[in-house]
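Chain lettering (A, B, C and D) follows the sequence in which the chains are written, and residue indices restart at 1 in each chain.
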Amino acid sequence: MDNGLALNPQMGWNTWNTFACNINEDTILGAAKALKKLKFDEYGYHYVVMDDCWSLHERNATGYLQYDPVKFPRGIKHLADEIHALGLGFGMYSSAGKYTCGRYPGSLSFEEKDADLFAEWDVDYLKYDNCFNEGQSGTPLISFNRYDVMSKALNKTGRPILYSMCNWGEDSPWDWAPTIANSWRMSGDIVNVFDRYDDRCPCDDYICRLPGHHCSIMNIINKAAPLGQKAHTGAWNDLDMLEIGNENLNYEEQKLHFTIWAMVKSPLIMGHDIMHTSDQTLEILTNKDIIDLSQGKWGVGFRSYKKEHSQLWLQDSTDKSGNMAVALINNGDKDDDFTIGFEDIFLDEWDRRKVGYQVKDLWTKEDLGVVKDELTVKVKRHGVFVGK
Amino acid sequence: MDNGLALNPQMGWNTWNTFACNINEDTILGAAKALKKLKFDEYGYHYVVMDDCWSLHERNATGYLQYDPVKFPRGIKHLADEIHALGLGFGMYSSAGKYTCGRYPGSLSFEEKDADLFAEWDVDYLKYDNCFNEGQSGTPLISFNRYDVMSKALNKTGRPILYSMCNWGEDSPWDWAPTIANSWRMSGDIVNVFDRYDDRCPCDDYICRLPGHHCSIMNIINKAAPLGQKAHTGAWNDLDMLEIGNENLNYEEQKLHFTIWAMVKSPLIMGHDIMHTSDQTLEILTNKDIIDLSQGKWGVGFRSYKKEHSQLWLQDSTDKSGNMAVALINNGDKDDDFTIGFEDIFLDEWDRRKVGYQVKDLWTKEDLGVVKDELTVKVKRHGVFVGK
Amino acid sequence: MDNGLALNPQMGWNTWNTFACNINEDTILGAAKALKKLKFDEYGYHYVVMDDCWSLHERNATGYLQYDPVKFPRGIKHLADEIHALGLGFGMYSSAGKYTCGRYPGSLSFEEKDADLFAEWDVDYLKYDNCFNEGQSGTPLISFNRYDVMSKALNKTGRPILYSMCNWGEDSPWDWAPTIANSWRMSGDIVNVFDRYDDRCPCDDYICRLPGHHCSIMNIINKAAPLGQKAHTGAWNDLDMLEIGNENLNYEEQKLHFTIWAMVKSPLIMGHDIMHTSDQTLEILTNKDIIDLSQGKWGVGFRSYKKEHSQLWLQDSTDKSGNMAVALINNGDKDDDFTIGFEDIFLDEWDRRKVGYQVKDLWTKEDLGVVKDELTVKVKRHGVFVGK
Amino acid sequence: MDNGLALNPQMGWNTWNTFACNINEDTILGAAKALKKLKFDEYGYHYVVMDDCWSLHERNATGYLQYDPVKFPRGIKHLADEIHALGLGFGMYSSAGKYTCGRYPGSLSFEEKDADLFAEWDVDYLKYDNCFNEGQSGTPLISFNRYDVMSKALNKTGRPILYSMCNWGEDSPWDWAPTIANSWRMSGDIVNVFDRYDDRCPCDDYICRLPGHHCSIMNIINKAAPLGQKAHTGAWNDLDMLEIGNENLNYEEQKLHFTIWAMVKSPLIMGHDIMHTSDQTLEILTNKDIIDLSQGKWGVGFRSYKKEHSQLWLQDSTDKSGNMAVALINNGDKDDDFTIGFEDIFLDEWDRRKVGYQVKDLWTKEDLGVVKDELTVKVKRHGVFVGK
């Protein structure tokens, strides 16, 4: 979307994964301050996004949403001011449905009123969900029309508001969201599990009639693989919030997760209990080399191959350096060595297969020297090697 | 649907499976009295639902449906009165089509007239079918619009009428019915067979372009597995009427059938010849522990895994007890022992895997003592173990 | 469709398979006379249907279709008169598109004019094709609307005209055609080949986005298997014209073809060079026992099972006899013996499995005596046993 | 489309594969002159097509597209004049979207203005792309309507403009484009690779929700196989531009590519750096026997079979000669001998299997003598034998 926002994928933090509906001014401001204190903002994490459950269950007499005065005694505008005072952006949540997913009032048929209110509250970002959409899906056109109403309403406010669509990949948003939104979710909701089939996330494929939730990291990566071609400046595939810092994913799995999210240019929205960020979590989330793949001069990453126990992902730089990032995922059940032939790295560039390259490991920071013809790397179980 | 009805899945009895089109005042009142006499109502079975074939083949001169005066010499209102006098609710049937499935007049284009008539007759419940729908399907929006007309017409009558949608899962009603109906069928019609492919029910999957009929118990269970996430208070997936007490299903199969219907919060609508209820049928249908999974403080059950010969289903309590119901289906061809690891029971709750639990068998009522790390159960062929 | 026609599936002869576009008054009248002379009409073959290529390439100044005066020097009305004089019905062809499949003018947007003209010409039957439909497909509703316009136009003429829809099964016509048409094609065009994959008929399934042509007999049978449940009086699945009497299918294959077409209640429209009907062709097409399965008191046949080399098809009588027709297809590569268990014949009727039945072979007319528990039959390669 | 154009599939050259966005008057005129100098026009290559990136990023005040005056100092009309002076046709590019794929202004909602401008500039050909289409896809009807607007606008100009639709096969254009366009792309974009799965072209099938790019030669051939039946005079399946003369495809692969594109009657649009055409490239692209399969009296080719390592393609002549072209693709990994039975060549013509045929190799020009019953050919790895 051509609104000057999300020129690189947005970065920030969202309330949902840690607090779900238990949010209030204190939790959100506390998180914002923790983000600032840990200097996450200096790495690009800019938005503090308040997810579902912030409103009352009824609109007011003139049809406007009302914040819950118990949770927000000084109001949302005040909260936004405080967050702005920290130099951060403030994100808001609603749904393109009759209700939000938590069954608070949704914005369907109230788009202009709600956009006006959000602008009045100095909101910088809208996550716009898909629950209870009154059957308004089934063709790209039906879904486009529903989400376009809010896009136009946001534009009309005059305030630049990053528009983060969340329709779970229904009706192929990668085909039609780029002109109306800054990002679009491309799958069901993530869960903090590395790789597991779950009936609640029943699809293996990016075309899916029941996106669901409890989608594992590898499930989302596999769905995202063909979609990178649809992303560009201001218009990104959203693979859902980060599970880094939440329990259950080990160190290797978290690095893999962060690497691929960066390479495919997904928004990088943290979801952990930021007020209790561990050193390891901090280390992963602030790896400058990885963040550079997301925010620096790099194209959208894509997958070169998928084998039973490994995947090779590639990302071309867009400066004139001819640099390339190469990530080897080990999704098998043991640590292993992998040899990557240059024919799989330089898929369509035959001349580049013939020269040698200096390789650096972006996680260990180790210099691997000059490599020719093929690259051999040790990768831990559920880990990733990423070099450039 | 937010009409105050079906706060738990509705329970009752329906004429179709035993009587099909051979209904009249005597058969229905006889069934209602039998229900009362056997005290089914004390277990929650409240609605007596009259299915297809109650009307004449023509509407009257002003466009209203007419009951068949041979079958109902004292009229439908009288029948409703008698059923109400027994303390039961009265259910009615029509179809969102030109004809009902039995080719009597359907309600398509006559929704307001028909809803008004049903309200005038003191109807408490409408099963609304899908035959002869004039091509009004193919996207969620087309189907939503067709069923929403009747939803609005029922609401407009002012009388609370439970709205039981029956479009066989076409166009993913779990996505759009929750705001307009109390329940929605999610598959083709059930048959009293445990597990069989039948060309008349050709789909294995919840996305299906020919729902059909003669769908076996296991066929419906497999289709229902991913859908539980879409149900909530007042809005339930309907797996179709119960085949308990009909011939062909053995004791084990019937207990399995009843257990899963309860756990996934399907309406529990009996379909057997209630005037000739056997002791075994009565025992199954009135198991208080199982009925509690449907009507008590429990979330919607979901499947943890599906293996070749078994499935594990789980259901969390919604009181603060931390209780969990665990059902192991043996759909293999012989009695067998099954060991269930706690990692499959506490999928996303790692801490809970470490403690021990008191387990009770909900069918035998046997106390299995405290179990740690894993649970081992003997399950008969086509049977179920369910404990909590 | 409730127009009093096709109470049993229509029978007749169509020009296409033998003559394609090379039709004229002589060929059609010659065929009609041959039909009469061979007494096909006494077996139920009533309609002589003129397929594509009868018109000029332009409508006249007032927008009416014009017959080709070279092919029909005395006009279509005259042809209809002659056919009526033989006691036969006359069928006409058009397409619900801009052009017919042979690229003559189609009826899309001209439905009323064309229906009026057909009625004026005393047409008794309309085969209505699907070529060049201007994208008017993709949901049942779009297709329904397109075909409903002609249905209404035909009704409005006041003349009973059998409406034979031919949209190749697109958008599931079995769901919406029964209220507007007497029959609907459910697949791509047939070819005179028993069983062969052909890229021009690429689907194996009844849900198909490219129905095509060159569909083999077994391809169509497999697609038709789940659809019988949708047919009823006046509303039939059409498996396409008969290939009996055309080269390439052997005697066994032709009997199998005719048997299943009769059992599933497809229209029985001959397509061979009727003026040169062989004795064998005559024998097959006039087997009274088989025709009775189509035209007599029998329900719509359905498939009990499909194995690698055989299929079992069943058909219940609708008189009170309790009779059942049982057909065993041998689609393997050699003659073989097959034993059919009663559990596969009486799928849902457990009591009937216990008694013995008198069986007659409907092709050899042989009496097989009383059979109990199971039925063993010898069936030639690509042949069928059908008994009752 | 019945506009008198593309009576045989169009031939020519397009800027994209060599120059992408780096086009200007010099490059295009240089290419046109090279085409003329190498006498490609004498073989049928008539159109010089300017692809994306010719315009400014804004329309003018009255809503008309503006050419980039830096790239085209003398304007597009002048360029067209120069190309016409060479006896060639001039092709233009736009997209049925808000933007072109290169994010220049698209023609959606501006169809009449743009068609008028193109006609004024004496454009002979329009390639009309599919990027940023605002969700206007999902059913054949939605896509038809979007592309029909431009078809009507072009017709209205009075200038014959060949209409080359490029919607990548979405919504089955082969079903609805024949009445509104001269050709339609049937897949994602081609890449100069013989046979490779690529995530950016994720579909194997002609029904595809993400056509993408980087589709290999064999990927496109396999998708095209069932579609030939939909093509006819003035209305062709477009398999995308030729990769002949680009690096990476070897001599055998290029001959195979050119042979099948000709046999299936795809437009033959060169994409190589025509100013630096090698002798081999010239030899392939000017093989008169192969070009005759595209432009001469031949039907649309189709595939007789697909095996693991080979495919047999057939093409009937439409003169009365009874001639047939037979192509055997070796897509296995080594040179091999293949024996082709006449039953696979004369699929539905049993009599023709019995006689002998004179066979000529259309690439080596070798006479293979008279062949009976079967044809044995040596075919190199990734090569093709084509004879007639």
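The definition used in the following text is that a residue touches a chain if its C-beta (ideal position, glycine included) is under 8 Å from a C-beta of that chain, and two chains touch if they have at least 3 such contacts.
None of these values were measured; they are calculated from a predicted model.
Both chain A and chain B derive from one sequence, and where they touch, under half of the residue numbers involved are common to the two copies. Measuring from the averaged C-alpha position of chain A to that of chain C gives a distance of 55 Å. Computed centre separation for the pair chain A/chain D is 39 angstrom, with centres defined by C-alpha atoms.
Residues of chain D in contact with two or more other chains: 138-139, 142.
If the chains shown are joined wherever they touch, the resulting network closes on itself as one ring, and no chain has more or fewer than two partners.
Chains that are in contact with each other form these pairs: A-B, A-D, B-C, C-D. Those residues of chain A lying in contact with chain B across their complex are 98-99, 132-139, 142, 191-193, 198-200, 202, 209-210, 212-214, 247-248. For chain A in complex with chain D, the residues that touch the partner chain are 138-145, 148, 171-172, 175-176, 178-179, 206-207, 225-229, 302-303, 306, 347-348, 350.
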